[in-house]
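Below: a set of structures, written as structure tokens.
The two complexes that follow have chain A in common; it is paired with chain B in the first and with chain C in the second.
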Partner chain A sequence: MFSETKPWMRNTIYAWTAAVVVFIYIPIVVIIMASFVKSRFFRLPVRAWETKWYEEALTANLMHQLHLTSFYIAGSVAILSVILGFFGALAFARYEWKGRHLYQKLLMVPIFFPQAVLGLALLLWFTFLGIIPTWHTAIIAHLVWIAPIVTLVISIQVYGYDTAQEEAAFDLGANRFQVLREVTLPALAPGLLSGALFAFLLSWVNFSLSTYTTGADNTVTEWLYAKMIVGYTPLVPALGALSVYGSIIILVVGYLVYRARARSKAASS
Partner chain B sequence: MTAKDGRKTILRIENLTKEFGHFTAINNVSLDIIDGEFFTIVGPSGSGKSTMLRILAGLERPTAGKVYIRDEVMNDVPANLRPTSMVFQSLALFNHKTVGQNIEFSQKMKGVGAKARRERCLEMMAMVHLPEDFVNKPITQCSGGERQRVALARALASDPDILFFDEPLSAMDFRLRKLLEVEFKDLHRRAKKTFVYITHSLEEAMIMSDRIAILRAGEVVQVGTPDEIYTTPNSKFVSEFMGEINTLEVERGKNGRFDCPQIGHSVKVANAPKDFDRGYLIIRPESVRFLKRKTDAENQATGILFNEYALGSRVQYHVKSAETTFIVERLREDAYQGNVDDEVMIGWDAADGILVSD
Partner chain C sequence: MTTRVPASPFRLSAGAKCAIPLGLLFLVAFVAPLSIVLGFSFLPERTFGFTGELTLENYEHFFTEGYYGTFLWTFGLAFAATCCCLVISYPVAYGLARVFGGWAAIITLIFVFPIFVSENLRLVGWTLVLLKGGGVLAYTINMLTGFETGTLLYGPGSILLGLTYVYLPFMIFPMTLGISMVPKEQVEAASDLGANRLQIWREVELPIAMPGILIGVLLTFVLAVGAIAEAKILGGQSIVPIAHSIQHEFTYAQNWPLGSAISVLAIVLVGIMVFFVLSRVDLDRLLGGR
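The block that comes next holds the complex of A and B.
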């Protein structure tokens, strides 16, 4: 059906791919460069380098506080959205019930809502209820947007899973709790894990919802934004670069663990 | 409960009915299944056979009627407490577990220790001809035939009184299916358990079963040994379900003969029931033969031989005669000596025709 690939075609594809990759990674490289700059503002060519902004990012109390707040919110959102998403996905993808189609549509709506509007709406609602916004209320705000996404992520796993496995377990003597522990949860585990990761990341980088709903507390993104507006220093890119290093470390460790497990599996069989 | 020949009934189905809304999937079915037999329930899709099996296994509740296992009413006993286990159509193996973990599942649920579990597992693997070193193999790396054997071993490991099979071979290719049919029958003899098997293939049922029940639209139409079903089908439905067969519409005529408008003359039938007025005459393809003279068989028809098919040890011929097409099957050494498009005379004896109703 296809004629053979000519050299110029292949070269074009390589060039295009390289361009896309460069386009994606250049901003990250720039952020890392900017974080080592001695002068206050980033200007090319860079004349002097230093690492003092990292010292501040790693030692300042405020930085710890920001990261902790972001971490508490993202961690709570990840756990809660996976619990909600697990049951939500079973209702979404598995059981046939009256109102299921309406539920499937209603669940999508918050995802498409502009986040700034959603944040404002939530703030108004909290005020109306007499709740003072703190990082706790931000968890609820994040959940409104993230739990539906996690439900969808887990649903994909539910769609591809043969529910006869549960009947088989039941038939082989397992009670309801054992079926859940031995079959349903392990079979859906990849979906639950990717759902949790997704939730954590979406919450960690979220700004629009946090800015309205954290009250006096500040997340990393809120602080970065504020610093961009007033009082920029290379501490801003340093903080950003630290997140990049964190991601790289997590990926590398994850890969090494995966490879070690695959090796031990291959050795045992 | 004891059957006529003194063997015990292990599973009794009494006036079983299952309705889904206005649809009756199973209509007042009663059956006795004897301890240790290979019993097959055959029916086309939609005949209610899967629903029946699910009720017997405790995965579905009947609308009315009772299920007994060894004289005990099972209606309110859920699947996990019944002394039965099932081999599912999709096999329903636990994909996140290894072969060994799958087979050991029921024992683990019972709280049996790891060492005893593994021992039992290896015993079951030997029983179904799985090599011992498969024990740590992930299910996802097993072939179709291996998965089938794991499913069998897993069901057997719980030491059930009765094993249910929900069309486990329907997704297999022809060669594997043939191989496993033989293995199932062989396993049944070695395992000394009662097997209740459902399938839409009467041919498959014939190969494996001690007795067969034929289900049609939620009702049992005939129960018998493969031989009884083959030689004395009690309806057109059963006889046609078995595969290619000659079916002629007949009506009682003069002199004890039966009129057959499809071939244009009357036919002689042996042992016709007195009250039989109209219905169908069933003639097996292997009972029809080519005639040299009219007197070579008690019934004759003439027609055009319009095709022949090699079936391995047999040859099948289609003969167009008046308003019907006869299917004739002969052994290869007894093949018709002539050409396609010949005008041929075929015939059969009165004793080879079976009269049935719809």
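The block that comes next holds the complex of A and C.
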């Protein structure tokens, strides 16, 4: 702690941060409130509460279809971007090679690129090639933006990775594949896992790319958007609240796995 | 760090080999589509293949048909949102890097979580807050003070709120990374040498934290330029963002060349900024602490 951080400053920072947290959670709390309202529109004061919209959100066929599409896209993006990101991170952070600095900068370009413009350029590209956009093409679009981010996430792990372990394994007669399986992958596992988690969630909530590249297929976020523009239904907050609970579960499980790993590591060493 | 030396000069180094998969993806799904867009932007109106004379008329239309208004609004709102995020984030990032100590991990998690709730959903939440009359905000104000209030909804103000809200985390995290790079000893040394709080901040802390802050500014700004949902859900189409006018040309108007020209101009403007900022940032230091 800094000696210069005076008590009044610390208190101001705490209060400010608390205010920002409130600001960030206002709409999420309101969505959850709105999901329990009986009437068609959410208006204060609320006269009656109920859970029928949840039942509808859980049973409607369309809802299943939306979630499946989002899940296929996010799952594929998670797997593919971890594979791409693993090699990408080795090139980014591990090996000292001629083009590395240029490569590092080029990798940042898709991240710092207006997503909607990228989505539209891809739409034009697919149309030009005669490919009809479906959820498959959305995977490509998501990868362009998400694979570099996953590469950065894994790179942070690679920076802290001691390559002497690999050298030792090679000296002991292991071949390249064995070294990869027994040494490199286990050492980088936390980075790969958090990369996959990031990729899945970023893809799951993405809208700017999906909206132009899924064609006739619809993801959850696209449906939410369409309903907000053309016709609000109470299914919107119900579905939204469900997705909030889902994200909470994923993050908590992820956090617990991370904790358990850290603990077993501490115990074994 | 040890590196295997390639056996012959014609073989690719291990690093270059590892860069190939991502490189291929970029070539097929980033470089190629952008080249097509660039190519179309020089073709006559309503062409759908690479035939016809090269022309600059699309760029002329951009200026004569008022598309620059779209640009002014989009870039202006993105700039304003970036400034808001900058001011709101600084104390939070400072706290995360310096003050919160053991609580920082939990507080970080609290800020990370909303990113994983669909942006559209959170914007819908804001419309419910901002609705006139029965909205949460108007109702609360009415309860507390008895005043009937108007609404921010469906105007530039609500779009600015939406952009600031959605992209705030993208400012907070790089900024925290930047501020935590400031070595404690250096601040103490400056203090011992008689520098006051403002001088330390301006001469020591800010320059060292700058790469992180710049990355945050860039990320927020670029994401805000490419945003569409804020303008539609909160802005009620009162303002047409760049992405929307490109979409219009690519789909309803079936005018690929004009849409391409608008895309190219947007990319060039953003690209200049990205290049300017990234040339000032050392990624090895920021991510790996080297």
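As a working rule, the second predicted complex is superposed on the first by the 232 of 269 C-alpha atoms of A that agree within 3 Å, B and C clash if a C-alpha of one lies under 4 Å from a C-alpha of the other, contacts with A are read in each partner's own complex, and residues count from 1 in each chain.
Convention: a contact is a pair of C-beta atoms (placed from the backbone, for glycine too) under 8 Å apart; a residue touches a chain by one contact, two chains touch by 3 or more.
Note that this is a predicted model, so its numbers are computed, not measured.
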Do chain B and chain C fit side by side on chain A after the overlay, or clash?
-> fit
Would you sort A:189 into first (chain B), second (chain C), both or neither based on which partner it touches?
-> first
Regarding the shared-chain residue A:95, is it in contact with chain B (first), chain C (second), both, or neither?
-> second
After lining up the shared chain so the two structures overlap, which partner does A:175 touch, if you call chain B first and chain C second: first, second, both or neither?
-> first
When both partners are placed on the shared chain, which of chain B and chain C touches more of chain A | C
Note, angle between chain B and chain C viewed from the Cα centre of chain A, nearest 10 degrees, works out at 90
So, does A:167 touch the first partner chain B, the second partner chain C, both, or neither?
-> both
Please indicate which partner A:229 is in contact with in the superposed arrangement: first for chain B, second for chain C, both, or neither.
-> second
After fitting on chain A, the minimum C-alpha spacing between chain B and chain C in angstrom comes out at 8
Note: overlapping chain A surface for chain B and chain C spans 164, 167
What residues on chain A touch chain C, complex-wise?
-> 1-5, 10, 12-14, 16-17, 20-21, 23-31, 34, 41-45, 83-85, 87-88, 90-91, 93-100, 103-118, 120-125, 128, 140-141, 143-144, 147-148, 151-152, 155-156, 159-160, 163-164, 167, 201-202, 204-205, 207-208, 211-212, 220-221, 224-225, 228-229, 236-237, 240, 243-244, 247-248, 250-251, 255
Listed in rising order, the residues of chain A that touch chain B in the complex are 162, 164-165, 167-175, 178, 182-183, 186-187, 189, 265, 268-269
Listed in rising order, chain C residues that touch chain A in their complex are 1-3, 13-22, 25-26, 28-30, 32-34, 36-37, 40, 88, 91-92, 94-95, 98-101, 107, 109-129, 131, 133-136, 139-140, 165, 168-169, 184, 187-188, 191, 197, 200, 218-219, 222-223, 225-229, 232-233, 241-243, 246-247, 250, 256, 259-260, 263, 266-267, 270, 274, 278, 283-284, 287-290
Quick one: in the complex, what on chain B touches chain A?
-> 57-59, 78-81, 84-86, 88-90, 92-97, 105-106, 108-110, 133, 136-138, 154-155, 158
